[in-house]
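Across the two complexes that follow, chain A remains constant while its partner is chain B and subsequently chain C.
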Partner chain A sequence: MFGYLVGRVAQAVVVVFVMSIIVFVGVYAIGNPIDVMIDPGATAEIRENLIRQYGLDQPLWRQYFTFVGNVLQGDLGRSMVYNTSVTGLVFSRLPATLELVLVSVTIASVIGIPAGLYAGYKPDSIAAKLIMALSVLGFSVPTFWIGMLLIMAFAVELGWLPSGGRGEVAQFLWFKTSLATTNGWEHVIMPAINLSLFKMGLLIRLTRAGMVEAMGAEYVRFARAQGLPDRQIVFSHILRNISIPVITVFGLELGSTLAFAVVTETVFNWPGVGKLIIDSILQLDRPVMVSYLVMVVILFVMINLIVDLIYARLDPRVRLKGGS
Partner chain B sequence: MLKTTLRSGIATLAVLVTAPMAMSQDLMIGLRAGPDSIDPHWSTLGSQAEALRHVFDTLVDVDEKLQLKPGLAVSWEAIDETTWEFKMREGVKFHDGSDFDAEDVKFSIERIPEVTGPMPMTLYTKYVDTVEVVDPMTLRITTKGMAPSLPNDFTRLFVVPSETGMEARNEEFNSGEKAIGTGPYTFVSWQPKGDLVLSRFDDYWDGAPAWENVTRREIADDAARVAALKSGQVDLINYVPATDYLSMQNDNSLETFVSDSVYILNIAPSVKDEEPQPIKVNGVEVDGNPLQDLRVRKALDLAINRDVLVNVVLEGLGKPANQLMPEGFFGYSDKLGVREYDIEQAKALLAEAGYPDGFEIDFTCTNNRVPGDAVVCEALAQMWSRLGLTVNAQALNGTVYFPAAAREEYTMTMSAWGTLTGEAAYTYGALTHTKDPEKGFGNFNRSGYSNPEFDKVFYEGSQTLDTEARRKLYEDASFIAMEDRALIPTVILQTVWAAKADTLDMTPRVDQETRAYAITPE
Partner chain C sequence: MTAALEVRGLTTRFDTRGGAVTAVNDVSFSVEKGRILGLVGESGSGKSVTGFSIMGLIDAPGRISAGEVLVDGADLRALSDEEMRKMRGRKVGMVFQDPMMTLNPVLRVGDQMAMAVRVHRKMSKSAALDEARKALETVGIPSAVERLKAYPHQLSGGMRQRVAIAMALLHSPSVIIADEATTALDVSIQGQILAEVRELADKTGAAIVWITHDLAVVSSLVDDICVMYAGRIVERGTAEQVIGHPRHPYTKGLLDSIPSLHAPGTPLPQIPGSTPQLSRLPQGCPFRPRCPRATELCATPPPEVTVEGQTVLCHHPLERS
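After this line comes the complex of A and B, so read on.
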């Protein structure tokens, strides 16, 4: 187990390192951020000074090693646009994204998994067909469009919910969250539902497929022959067996939602990290782009590691060997 | 008698009903962009200046048409070729109660090079050589060379108290500790990309503004901003998209305000000896650069149907342009006529120039930098195809477009240019003057255009302190560059604000700033 962890961490370090090079070279290739930012009236002298001041006149490899050196000292740099530290900037917006993602994955799993189980348990019922039809809608209709529809219906026409933004925050245990206030919930519920639809559709289909397959499996027939009630078969035997693909997809989806909930955040004006990174890309705010993408890689590596650990817990046949 | 009583009774009732509305002291504005920092000397970004204007005053102010008017300075004059003298306004207080004087201005000028970022404000102080406080109400500035446009530059010179200290940085301003100005509103709080909360400053020198509490909320997405207005979350929004503007015309609960902007979409044909992307006839690269021929540039111009661009492509939110600045700006030429659409004459000119069957050309534009740039780009390509050209139009994101345009990789481009200073030196000096880093001209001249006649008239203007004489010279310079099709102006973009009907009144500004203190409850 320990050897396995060490191997995985070593793997992660290599991935992060390679990724940082790719991101750095890619961002470098786009061009000089000063040309995007500078005011048209600036003289050539002002421009030259800036390029020197931000070290953009240095060769690529030197810029890269300066960056890596700073990161190793825990300094991810300062945003060229906001003039604040990148870490501070990301962490000031991370709670908003975490709230949104937490609520949306909860909605997706609480509704998606039971609905999928049911649709697989009674595949011919009308309810099952309805669930499947809705699941197709869930991941085929574009998020921004559903988002706009939700806003038009619940904010503009009915006036029940606010059209966007994050609500009031209040202290909850040791951190501040908008999930601790009613106003906060009013703000989060619509974007969270919007964000959950795709994942919900995916979970329904995955669970159903696993369920249908498992229903015909020998261990289910055995359990039935033993006279076990269906409830027990489904929840303690089948669910455990179909969990592995569900958890894999769930983990990956969780990661991409955390990192790139951009569309929902934009439509609902949610002050999360997804919007931050898009704005940074548009303004070519190099330190934020590079650091954020490296942070995202670390996040994905961690989620994958946790998913693998959960595998082993669920399925004793999965052995955690060093480096594999 | 009864009728009058009844009528006055109804009137009273109406007042009673509407009274709480009219008394409302809070204004919530939904804006496409906000500030990046509360430090007024950090960046030249337009949305930054617009927001910080509420907290800090500038030395010189501009009216709705971008023409100069007194701000913290009540008057200014050039006392000799390289010296400007500014008279300060008496009785102005900072938010912390201290008095404003010339020392604060001197400190602000000196602070800029210390703290400014990648969008540097040194742009506005580049002509300043020394700053001398003659007495608390008089400031004398000697300039590097002659600087007739110094008062224009100082329209973005925000003044902070000299007690701020050189060490104060971004963090102290963002927290509010140093966010002390003389402006109409005091700073309450701000989140990057979030809300800027402001509270009325009762001792403001120009009279306390109407609204007691103002929140400037950043809602970057157009559809989300419109939804926020329709659902009543905000009272006013800026940059209403054209499609929503059309539907708002039929909606009695909303009111719109339309204004010309400073932004004009213009085409830049490269006139270098070797065009960056090859121009081809029948797949074979042509000798020389056809765009060097004025007849070709005129043909391109004549083939543009500006009425169609305005009424069809931009859904009415634009005006045909015949030069790089809107009417009324300093140096706008009255002599340039309306640009007519004449495809026959265009074809004739093209044939005369030796391209009767047209040619194949690359055309690159910005995408979504300003409203409508990509659609105008496509429409232009179609108009030119009627002329017999094969146009490979491409609209690119600014992140890609600007660095490549700076490397001069495109043969023909279209982008928006805004004359943010309201005068010709800024626009023509950067775009159509021969590239001359020594004098600081032609920084954005990517087409290689160089006309000694234009340069002479323009330079003479830049060295003339007399306002009227300078205006005349700039008008002549505009005329020369535009007749020569150095750049081809197409349309002036218009922008739209929308508010709930009958709640507020505002005069739209040509620089598109939304100034809460200039908005009054209705």
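After this line comes the complex of A and C, so read on.
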């Protein structure tokens, strides 16, 4: 177990290192941030000063090692646009994204998993076919389009909900969240539904596939031969078996939603990290991009680790070993 | 006295796109308490479907279209789904072929067994685990308490099959159906389990239907034998009668192709052809195209001939030697 954790951390370090090089070089190739930031009327002297201030006159490899050195000292750098520390910037945006993602994965699981179970339990019923048809829509219709439709319907036409932005926040335990106010919920519910549709479709299909497979499994037949009622077979025998693939995908989806809720955040003007990264890319705010992506990699590695630990808990045949 | 299990005219059909297929065709047999009946046939002969039909576990598109299944004199087919569920495990138990697949891999043996106990009897989990322990001891599992805490993958194949048999025994059912229960095991383990099953039948008085394709196995275990071919029972009698003096050409062919019963050094005879597709059965006797004794008469439905309790479904049965 300890060997396994050490292996995992080593793996994470390598991934973060490789990723940082790719991002650094990639962002360098996109363009010169000075051109975007500076007033075109500025003198050559101001321009030169600014370039030197940001270290952009150095060769790329030296810029990279300066960056790595700073990171190792816990300094992810300063945003060129906001002129504040990147860490502070990301963490000021993170609660907004976290609450949005939390609400959306909850909606997706609470609706998606039971719907998938039912669709797999009675695959020939009309309800099951309807569920499957909707799940296809869920992950094939573009998010931004559904988002705009939602705004048209509920904000513009009906006027029930605000069209975008984050609502009032209130203190909850250690941080300020909009989930602690009614106004906050009114703001979060529409983007959260929008963000949940893709995940819901995925969970439905995954749960259904697992359920259909399990219903034909010998252990289910054997359980029926013992006289167990179907309800007990589904909840005591099947659910645990099919939760393994569901949790894998759930973990990956959680990570990518946290990192890249960009489209929904843009459509609903939600001040989260997705919006931050898109703005940074447009403004070539290199320190924000690189540091943010490094954090995303760490996030993914952590989620994968947690998924692995849950695996070992759910399936007694899984043994966590060191190395790979 | 009424038989523990009596099956009368059981017919199970599968409505497929290519038309209805009769997997079990007018099958009748009975098993007394403490007796073991061997249900023998090739793959696709309908023997497993017969077992599942008795259990009421035929899923769509299959359905039982006719017949009666009497357990201790009560017709199971007259029961509602819910009443039938309550019979399963309590009055009729079943053991399956592959012990690797029949136990849930992610639940402890004890939890699975306790679930099977408590579904029919109201009791605490610890009392149920105690019942489970007793059942494991009955089938000869050493240190049963530790086994209850194990996961299925931590047990050997023979051990797992013993667990499955113990689970079938939990409520002392009147009838146990064992579908190829030792086929997946090593020969030595097979022998042990067969001996234990024989002892269980004698001790508990359960009527056992032993479904297998392996005539050599049943010969040492069972009291009576039914030979199935293409959904029908073609020969029925005591084990001595059927094995010693087979009258149906199909039974004869099966017996001749058992290596251990055959003189060494000579080529092993085999039945030509393969099991017919149920959707395209020939007219009359379904064994006709493969039968060495077939004549034109065999294109008409074969008669049932009974001599001294040995019944055979054939126009030209072999003479009793």
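Observations
What we mean here is this: the second predicted complex is superposed on the first by the 323 of 324 C-alpha atoms of A that agree within 3 Å, B and C clash if a C-alpha of one lies under 4 Å from a C-alpha of the other, contacts with A are read in each partner's own complex, and residues count from 1 in each chain.
The criterion applied here is as follows: contacts are C-beta pairs under 8 Å (C-beta built on N, C-alpha and C of every residue); 3 or more make two chains touch, one makes a residue touch a chain.
It should be emphasised that the depicted structure is a prediction, and the values quoted were computed from it without experimental measurement.
Room for both chain B and chain C is found when the two structures are superposed via chain A, with no clash between them. In the superposition on chain A, A:35 contacts chain B only, with no contact to chain C.
Contact with chain B, but none with chain C, is seen for A:54 once the two complexes are overlaid on the shared chain. In the superposition on chain A, A:232 makes contact with chain C only, not with chain B. In the overlay built on the shared chain, the residue A:222 is in contact with chain C alone; chain B does not reach it.
By the touch criterion defined above, A:240 lies against chain C but remains apart from chain B after alignment on the C-alpha atoms of chain A. Between chain B and chain C, it is B that contacts the larger number of residues in chain A. Looking at the shared chain after the overlay, A:206 reaches neither chain B nor chain C. In the superposition on chain A, A:197 makes contact with neither chain B nor chain C. For the superposed model, the angle subtended at the Cα centre of chain A by chain B and chain C works out to 150 degrees in steps of 10.
Legend: residue contacts after superposition of the two complexes on their common chain; A:314 is shown touching chain C, with no touch to chain B. In the superposition on chain A, no contact is made by A:100 with either chain B or chain C.
Between chain B and chain C, the shortest distance over C-alpha atoms in the superposed arrangement works out to 49 Å. Per the touch definition, chain C reaches chain A in the complex via residues 55, 57, 85-90, 93-94, 96, 98, 101-107, 115-116, 119-120, 151, 153, 164, 167-168, 170. Chain A contributes residues 30-47, 50, 54, 80-84, 89, 92, 148, 151-152, 155-156, 159, 162-165, 266-269, 271, 275-276, 279, 281-284 to its touches with chain B in the complex.
Of all residues in chain A, those touching chain C in their complex are 217-219, 221-229, 232, 236-237, 240-241, 314-317.
The residues of chain B lying in touch with chain A in their complex are 36-37, 39, 42-44, 117-120, 122-123, 126, 169-171, 174, 191-194, 217-221, 223-224, 227-228, 230-233, 397-400, 402-404, 406-407, 417, 421, 426, 430, 437, 440, 443-444.
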